[in-house]
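The first chain written gets the first letter, and so on, giving A, B, C, D, E and F; residue counts start at 1 in each chain.
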């Protein structure tokens, strides 16, 4: 949707992300739709809907729309001239309409597998392997968060793989680091999101996610997996500690702060990768000399893109 | 020790709570002992100790001492004239030297059992029962905390039983409360302390306790017990939530705040019982018209005992 | 209003809670009314109003309306076909249109009187009695707050009586408590609200209420009443302390925190009763498996009603 | 004491500020005395004391001492050779041994009286007059605080008079200010200290002071005085508001923040005068180019005295 | 605009403060204008605009409008019947349409010059003089802030001159103050605003202002000016410290808190003058017995104007 | 000193780090010395000192001592048998007695030079070069902080070089980063410490350092250097912004938070390198299974060294 201008005609498939019912002042029912394709979202109104319409046009339904992009109260809106649900024969699928990780899924899988193999401590490796096997599918489908950073398909795996690259460099710069522990922590730290979040299309929190949160759920699951693999010893406790403490502070959701070197590092790597992801995506949308919109998860700051960035890029060509 | 005055002679058994080595300025080794019986503690110095002395007189050892109570830098000290370790034939045991719950262990057991039986929801009851069976011994031995409140033998069970009494009354006053859930939460909320704390004599934190904390450990253990009992359903998640949130706020160690009515209530009951325990024990030691010492866990406040308390008590005779 | 659906006809008496003037873009004046009966509120517009209309249709006026419930911007609205002020002969009164305590006024009065009689300390009893006599009417009319908790007619008395029930149980569980002091504190703690708030229909803050607040006003009034009754002694000071400190912390409006056992307890009882009132009223409106709306006075949390509540209730039938 | 050096002989009258009992390791009782004259304090030990000594040499007793100034653990100490309590015939009085306001009491009285006469609003003037009459003695004796600022005899009056001078200038600079209200607020704002503090020699908090604090006590007293004078109207409420809010924030002891222009100003004037008093007294003790010790009541800052201050002073000679 | 009522006709020059484009639901473009004269602002809509209109009617353009004041959604709006840009021959200038300091520019200049001459320390005087010369124009044009206080033409100079008057009085009351240093600090403390803010008409932050802020910029500039004047010594550092610390706390933008007496005082004087300016302007708009709107920069408080203010003013006539 | 045990004899040169005078209870003067060599510190007492001794044995003086290591109050102390100041002919120098960066000075210089050459933006390169030339000596001598991290000779350069290594890796992982800007920020960010701290032996804060702090001083100095090099443009402002914001938050000393991507990154890199330095040095001193002492600059946490670290190290041999 990114490239559509006011006045452009639209006839294409698109995904309904949210649908909500309303009634006009004269009593006729209508639907407010939020539509999205891989590049962005647009609002639309469907007037004078029937009961069947209300059942057909719901969240996660792909539809074919013929219409026009108009302006309404300073925002783009898609004026619908005709609409129908996609059919099997249309050969479209939800995955085609949601944003995806910039790195291919296969690449992410390879890089993750490689990192698992680098873990020499056999206890840690077996636990990690059990998790990558268990969440084989979801790990490469889920976003890393409902919003803010890596909030796109495969975002979770993308986040993990970026952090592993960072971890690899840090291990070389600071040889005191226990590489096995750090790698294991990076790979597992956010896997609890798979149970905390509802999925990749309309990402909301599950009841379990709201009542427990991904951190305690993952601490529990590590304990469970270790029991099943009959692994005992401090590796299990310390790995649980890494997951438990990776938000860094009680106020941020870690009841215990990092008390092991690699736990502190895991927290810092997580911070860097999440922040770089947010910053890069926000700065992509502004020109040199401009500020981004305020970024809520970056303490509500608006970031500046210096004028001299541009010239440097030119020079580097 | 509470009743000994300066100048009193002492010849009795007593428990070494802590022992630490020192060296005088002229190079001779000595031991600083913290001694305790059921009513209180006193410091002592053992001069010119041999290697054997250092091995004999260690924490958790009961000793027979003959000496005198003196004043040193404004504090009472036990001047040791002679000392020897207790023998099997002395028929003394550690439990005789540590402070105990004011309510008898048998009473506590009965009251707890009764409460478990009152739980009608069969899933909750089975989980709770599994825990009371599993921790049959420690539940009635452990303190509820290393310091501050219920920090005495059977303190954990005493705290739970007092809270159950409060819960019973609240259920009658506010009939909307889910009694089963609240009872289950009260009984389990602090059981993680058994793994977090080292024991009842010299209560310190275990490594596991420091790295994970009693709350996440207990959340995990509830999940584990439920799996073993093949119990599924929201009862497990909500019970975990009660334990997870019972400190009330992220800053106080609950990454998720109470989001279920009984969770909020569990937090409040815990607060009342802990505070009443601290207050009553502190006020016991002062006369009407005086302030207690500052209580760290009560925001460092010193509490006042009104003058008119006394008279009322008299009148009520 | 709770049971009216879109499309329902309305012909009934109703109370104007608020009325505000507006002008349409073509210059004609209209009134926006907020109407309420005992069960809820609804908005209405009165178009093309005359000067007399503006004077007739004001806050706290009961009116007879014939109209229809419609939807406007996603909210219910009452479309007025005809309207007239209620007459004396209509025999309707404001009290019929405002939410009331679930416990009858007479019951509240009895329970309060009983508690006063239980106070054995003669100084405390005389002071409390002077206040219940002085505020005989308002105590059983006023809400306990402008919003959040017990914000309905007789809410103040309802709150006090619930707290007294709680206090009675606590006195039995913790016999160290000075019952007389705690009861006196419970009964008087919020009486300052009668001067702080404007009344029960459209509850706002008085100028005096804003500049001083109910806590300092009540501390002053206790001093004044004690002087008039020629009562001296620490009872007066300590009772003032209970009122002064009952919000628990400086940040919450108590310049002195609780420094007497019963003051701490008063604060905790107040917290429990206010929270249970808020929680129960919010959870009443949602089904098992749903979250309530965010409750501002509960740190903006949305509370969950577990699925298994329902079944338990069925079982208990 | 300020001018005594190590090795100096001492034979003079001096006041006992505090006396506490101790016992040496060989069991003989001694007294630790804190002695003071107008310029400072010094510690002393009195060895091998009898029961009579303990009763004679107590706080607020003037004594005649013959001794020598020595060094003990890096601090000056007065080695007592002989000591006796002062007699009536010695014609010494406590007031001679405590620090005093740099401005004479008579001047303070005149300046205060003048300000009272400047208040034109008759209600405010009568209330203020009632208080200056009532506290005629204590107002010119009490310190303004137990420590930190104006903590010397007549400190309270000195603080008030300095603030009045500031208020006078502000009224000229900002003619919108209600002078009468501001003056009344300045004069009364800290009078509650007279009941909150024990007196001028060994200034501690009274029980009433701890349980209520000077602010709520003064709010009450203004109400009481107004009632006695049969003064009604907003002047009373607003004057109470000024006293209530003069600490500026709930966290600092004002449950209501300033909501009237003169209340805000009163808070700021109080701040300036207290801070200037603390700063000037601390900077007096250091040379240009040095930092003062850390000032607890100034957020623990150490203040710097610039080098160029000196030269300017020289130039101005 | 302050005196216009609904229904009044308007034909006059007025300044466009902001202009933003919109599109109606049927696709026709319009402009939303914020118009202002010296006394206030009003919104207006310009319908069916052409490309030329969009270029003509932009921020900082003076226009002649013939229209009518109407009500729209409870706010006044100017209905435009005809509009044209002002011509050179119209002899109107932007300065005529923006709010101005209540004190004349010439008076401000005189008072500032006088204060500079009072500075006796030659180093400080030369630095200050260099700045008043350098910013001769902007100092008497710029506002002191984008909003909140002294946000009008010459507001910066007005703020400085008011603070100097306050400083003069304080120097007399507390003779320990280094007058030269305080005066220099007052005059320079906010001059960095000239680079931080864009100007006086539509005051926004410059890029440099956002990235550095007026405080660090001014610290740098003092260093630069001192170097150019070849002035060395602690005067430069201490003057920089005054500017650096004048916000009082790290959280408020001063990385170093005041550590010199005059720095502390500068912070307090700044506070008083800013607050009095905000308060007086807000209270001007309300009647006795009313509260102002909430003032964001005063911790969101609404201030009360007492009823008895009025009578006093009458009496003083 | 690290390898000396109680009872060991000592005859060697050592540096006096601090010397302070005292007086024994019988009036004889003594010196308390803190002595240090490259590996650690030890206390010593020098009894019965003469005036000459006091002048000879001062901070930063190297002395030859013959003595013995004893225990005093649980700490090691050097009992001095004889002492004399080092002579020129002893050929010892201060640098031999202070802790040094683990990386050689020459290596640090090479790595820094290399990084400077990698900066392609000519403006940034010239500014950075001007600083490395200007502080050629101090940059390779100064510690990075008075305590906490890199507090040893060449600590500043060591910190910068470690951060550059980190920056190099991040630039490869996130190609959007402006390498030139980040490198320039890393090299300059802490150079202000050279003026803020007194030097490398007894590192204290200079007056200028206390009144301004290294951040504002460096912002000023970049402006000054750019002016001298006649460099203009946004590079200067943005580079100043990086230095200004590198503490991340106002509360931590950055009045402006990072608002440019590389500023945010600089803050994070600084954090990682400082924390890794603190953690590695603290963990070096404990065995697997132990906790470090509490680290003040790491929120007072004690860190745990897992048991399984050891085995891994063995395996890797």
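In the analysis below, a contact is a pair of C-beta atoms (placed from the backbone, for glycine too) under 8 Å apart; a residue touches a chain by one contact, two chains touch by 3 or more.
Chain identities (UniProt): A, B, C, D, E, F = 3'-5' exoribonuclease YhaM.
As the structure is a computational prediction, the values presented were derived from the model and not from experiment.
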Using the contact definition given at the top, which chains are in touch with both chain D (3'-5' exoribonuclease YhaM) and chain E (3'-5' exoribonuclease YhaM)?
C, F
Matching D-E on over half of contact pairs, by residue number: which of D-F, B-C or E-F?
B-C
Identify the chain pair with more contacting C-beta pairs: A-C or A-B.
A-B
What is the distance, in whole Å, between the centres of chain A (3'-5' exoribonuclease YhaM) and chain D (3'-5' exoribonuclease YhaM), each centre taken as the mean of its C-alpha atoms?
62
Approximate Å spacing (C-alpha centroids) for the pair chain B (3'-5' exoribonuclease YhaM), chain D (3'-5' exoribonuclease YhaM):
45
Mean-CA-position distance for chain F (3'-5' exoribonuclease YhaM) and chain A (3'-5' exoribonuclease YhaM) (Å)
41
Could you check chain C (3'-5' exoribonuclease YhaM) for residues that touch two or more other chains and list them?
207, 210-211, 234, 238, 259-260, 291, 304
Could you please write down every pair of chains that are in touch?
A-B, A-C, A-E, A-F, B-C, B-D, B-F, C-D, C-E, D-E, D-F, E-F
Contacts from chain E (3'-5' exoribonuclease YhaM) onto chain F (3'-5' exoribonuclease YhaM) in the complex sit at residues 207-208, 210-213, 215-216, 219-220, 223-224, 227, 234, 237-238, 240-241, 244, 250-256, 259-260
Hey, which residues of chain B (3'-5' exoribonuclease YhaM) end up touching chain F (3'-5' exoribonuclease YhaM) in the complex?
22-23, 25, 27, 207, 210-211
Across the complex, what residues on chain F (3'-5' exoribonuclease YhaM) touch chain A (3'-5' exoribonuclease YhaM)?
120-121, 162, 165-166, 169-170, 173-174, 176, 178, 180-181, 233-235, 238, 257-261, 264-265, 268, 271-272, 275-276, 279-280, 283, 291, 298-299, 301-309, 312, 315-316
Within the complex, which stretch of chain B (3'-5' exoribonuclease YhaM) touches chain D (3'-5' exoribonuclease YhaM)?
6-7, 70-72, 74, 289, 291, 304
